[in-house]
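Take a look at the following structure, please.
Letters are used for the chains, namely A, B, C and D, taken in the order the chains are written, and counting of residues starts over at 1 for each.
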């Protein structure tokens, strides 16, 4: 089976992963409308490609928060990578380093931050944080991440409670006994309690985080201009426009649609990223044309892991990279700096 | 079979109810376009969820016409509950009381108002009225309802004649011999005559009703700003935006679309409710964001009854309640009073 | 099999007619887009129904060009009724008279005008004319129709050449040997030559027709405001907005959409009718709300004939009549004069 | 099997061509969205047909760059005709001449320009050029074409690199060993190297081409007003609005949509043509109504070749010609000069 595009990896993962793991990764909230809209919304955007521009030398590198990456696609934080591949997040870290891009490790990793760091020393990594009712646990995580050389702190803002994912309820989803949410073992000696996340978190907690670390703070889960304005006002360094892959509030906006509104509100004061629905290189080009500095992929990374671990994820990233470079060239852009809003329009449909 | 969402109850009811009963409950007029639009119209509305608001303490209670209910979902008037469950409307009344919400009992109940009252003393109930050519019969019903402690009178305005429901015609639908429209047995000693409803009813009959009872009058079936204005002018206390579940005039507006226009016309002078198409908790949130004080569910209540009578209907209400609470929290609202139009937008599609 | 709505007759006809006849009646030009759009366009129109209006006495009668009919639905001109039922147009004439409405007999009838007249003396009938290269033949037809008591002359304007109906080409459609285009046997002694219609007809030929007859002239096939203006200017008495059932130029407008533009241009100076896509009584209500004085049905009449001849067509008309009356009542109109544009709106979809 | 419309030829070709050849001709880039949109976009355009205009004498001839053709449909440049029919481009040239229209021969022909010229002396032909890194090779081609009597030079602007056509990757598409890109055998003695095209081509290369030949230069692949303006400014004689049949950048605009913008920008200064999505005669009429001087067909020509070589392609052209003439007549136009924007409108859908 030739792996030509990302949906080939999706088909593979659906076929070979245990159903309970596939369902967990694929799950969206309620009717999965937002999950699917994330993809469909890209298809409503049309390119306005320009011709006869010298595209013989292509430069697809970019920088996020000052760090150069090989192309504007990073790995979004997703949990439980051991469900996809035995080495779990260690493989993810190695693949990201090999491809010279950024990996956002999740609080809910099945490897410790230490294991992740050791697996791929020198790789560009950010750490994704949920704030627990047990604030000390969160504080420890932040400080471990900083000490280990993680270069950004990503606060997830859209999960005061977990969304209702029907298949997970039907399957009675839980981690197999041999996997653990290892990062939290210190804080929660007797296992992770239900409802451990703190639903009382507010914007003021950005100041608390700021007091804990010198890392740049990126807020993830913003979908409106109002919240984008608040994020800037509270001093974050970056915003990830995200709806948690459609796993939280169903029938919120597709992220690529929300990106437009957020970019407009932010007016360049902080970097804006987007995740959700990226399935081919031209989706990356659209996101950048609409103002994203970089995109992050979630499920496609898991499909890559499920295919062949570190190597499979590299395959996924390499395909995206080739497709992104080609779509840039065909749209008439030789470097990322030439990408702009003039390249796209919203279709009538 | 796990009952996770309302469509699980729908599937159960479709499988286990006699076809003639399922068809009767499911029926829409003509091509069933409005019946289906009631649901589809919700899917064209997108949330604009807000992040990092303290949602640790959630308050989902509300009041309708001064009475507090546990959450803004009541039971719409539908006929013939014995078709769904042997105890019929007695089970409905018990479930509504157990869940601390309002039940609008139909003129076409298969239990008497007295049986309904006795089944769940103290429950909040309104009575739904059709005006018969035999005005004395209607007058008796109103006065019985008031005497029994019903706290509102709901006048159905959209049924001068019964809509054409093709499946009912094909099935030759009629009640099984052991079921009766019991509330009308006194008035029509020899059975309910065909065409017993009065198609000459006009707005002036609101004054007649007013002369019969001190109960607040709620008018059900309003779909335009013009009629909303007339309703307010004629002194009703509430309006239920409804198209009778798409069972009367096919190709009228979806109720959630009509709600916007009615709310705008009413300008807060009376309470506005809506029924039709509610299938998950986030639909309730959308209706409230667009100005409804409360929603009422019709078919989902019948599916709950068909599943396990009183207990099944409680299951349905509890799922809606949990989903509504969760969607509020994920949209950034800790209490019903924080819900507003800023939470939603109509999608381009 | 219960015949509850018009699609029941369609299903019957499709099952029992010879394929070549079904295909001929069902045919649309090219991709059949306009044929299908005629129906779909009705579904994009939503009612704004009004409540609590006295609809106890319903009056659905109307007048076309001064003649009263029992309800605003007539029989559009279609050819070759013997393909549907042995008695052909004689049955059509009897059914129309029995239902007290207007029948537009086609030039391409398989019965003579004399046979049609004799079958249902006193019925309201108009005669549909194609102008032949042999002008004398057309002149004779007009004068025979007038002499036989036909009360209107309908000039078809949209067939300078026959549209390309792929199935007819594949089937090699031609009338069976025992059927004839009887009205033209006098003019064309040796059979109807191919290309007998005159593609050079222009607006000035209206004056020629006017010189031949005192009958009111109705022009059929108008789809634009420009042509509507020209029709009025050339002195016609009525306009039928029609695209020939989608059998001529594919991808022209749906007739109900074109009606709006034509009615606006005509400003009440002549009567405007519409055909194409009428499948239920509420479609008639929509057409009248948008300014049509009356609608004409084509294929549904043929399905009725195919079902049971004269009786089957009466069934079709009676169903439409009942549905029209009911939809009027449910929309809050007690008489045709109360129908207006306020009753409808175009849906967002 | 009767060949009634172009999709009959498509079905034939899909059935009888080797899968690898069918896939190559049918291929679109990535998700094939633009390939399919080229067709769908035509279906969103509605005619506004005019009636009672004398269409007894139809004139469908037109001129492109001064040369008269029998109707405004030419043959777009496509590669590898021997994959469709053994005689390859020789058959194409003969069919185009027989039908008195223009054939744009591709650089990637499987016959030499000399063979093509000899096959149909006197036919109107343009030559399509890719600019190779080996500029001398391109220069030789231009000069051979001019010497052989080709009357226009078509520069393809949208292929700095080849688009990603998944099926070709899966199939490992390559020409069978007995076929050759014959025009380039002189320049590349040891076979065509990969990446032989020059991705550094810019607008200034138009001046270089101009220095090589006196032929009119037509630029192919323009999709935006900005590039249309640049094309005029750099002195081309014509523009072909094209997205390479959806084979290059997926999710660019449908060509018929881009045509509107290009025609507006060009303001009649040069001739504008369009290719992509033409499947019936009325599509040609739409393109002309929106300002195209002529259209070119790609895949339908290949289907015709696959059916019966030269004769099959003539069949395709003759069907298009008949359909175009008929649709003109039914829209009320007797000659190409009467076609204008008033004939069309974009549908609400």
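By our rule, a residue touches a chain if its C-beta (ideal position, glycine included) is under 8 Å from a C-beta of that chain, and two chains touch if they have at least 3 such contacts.
Computed from a predicted structure; not experimentally measured.
Common neighbours of subunit B and subunit C (chains touching each): not present.
At the interface between subunit A and subunit D, two copies of one sequence, fewer than half of the residue numbers in use appear on both sides, so the contact is built from largely different positions.
Measuring from the averaged C-alpha position of subunit A to that of subunit C gives a distance of 60 Å. Rounded to whole angstrom units, the spacing between the C-alpha centres of subunit C and subunit D is 43. Across the whole structure, chains are in contact as follows: A-B, A-D, B-C, C-D.
Subunit C meets subunit D in the complex at residues 30-31, 33, 44, 157-158, 160-161, 163-164, 166, 169-170, 198-203, 205, 219, 221-224, 226-227, 230, 248-253, 346.
Interface residues of subunit C, counted against subunit B in their complex, comprise 2, 4-5, 43, 45-56, 280, 282, 322-323, 326-327, 329-331, 345, 348.
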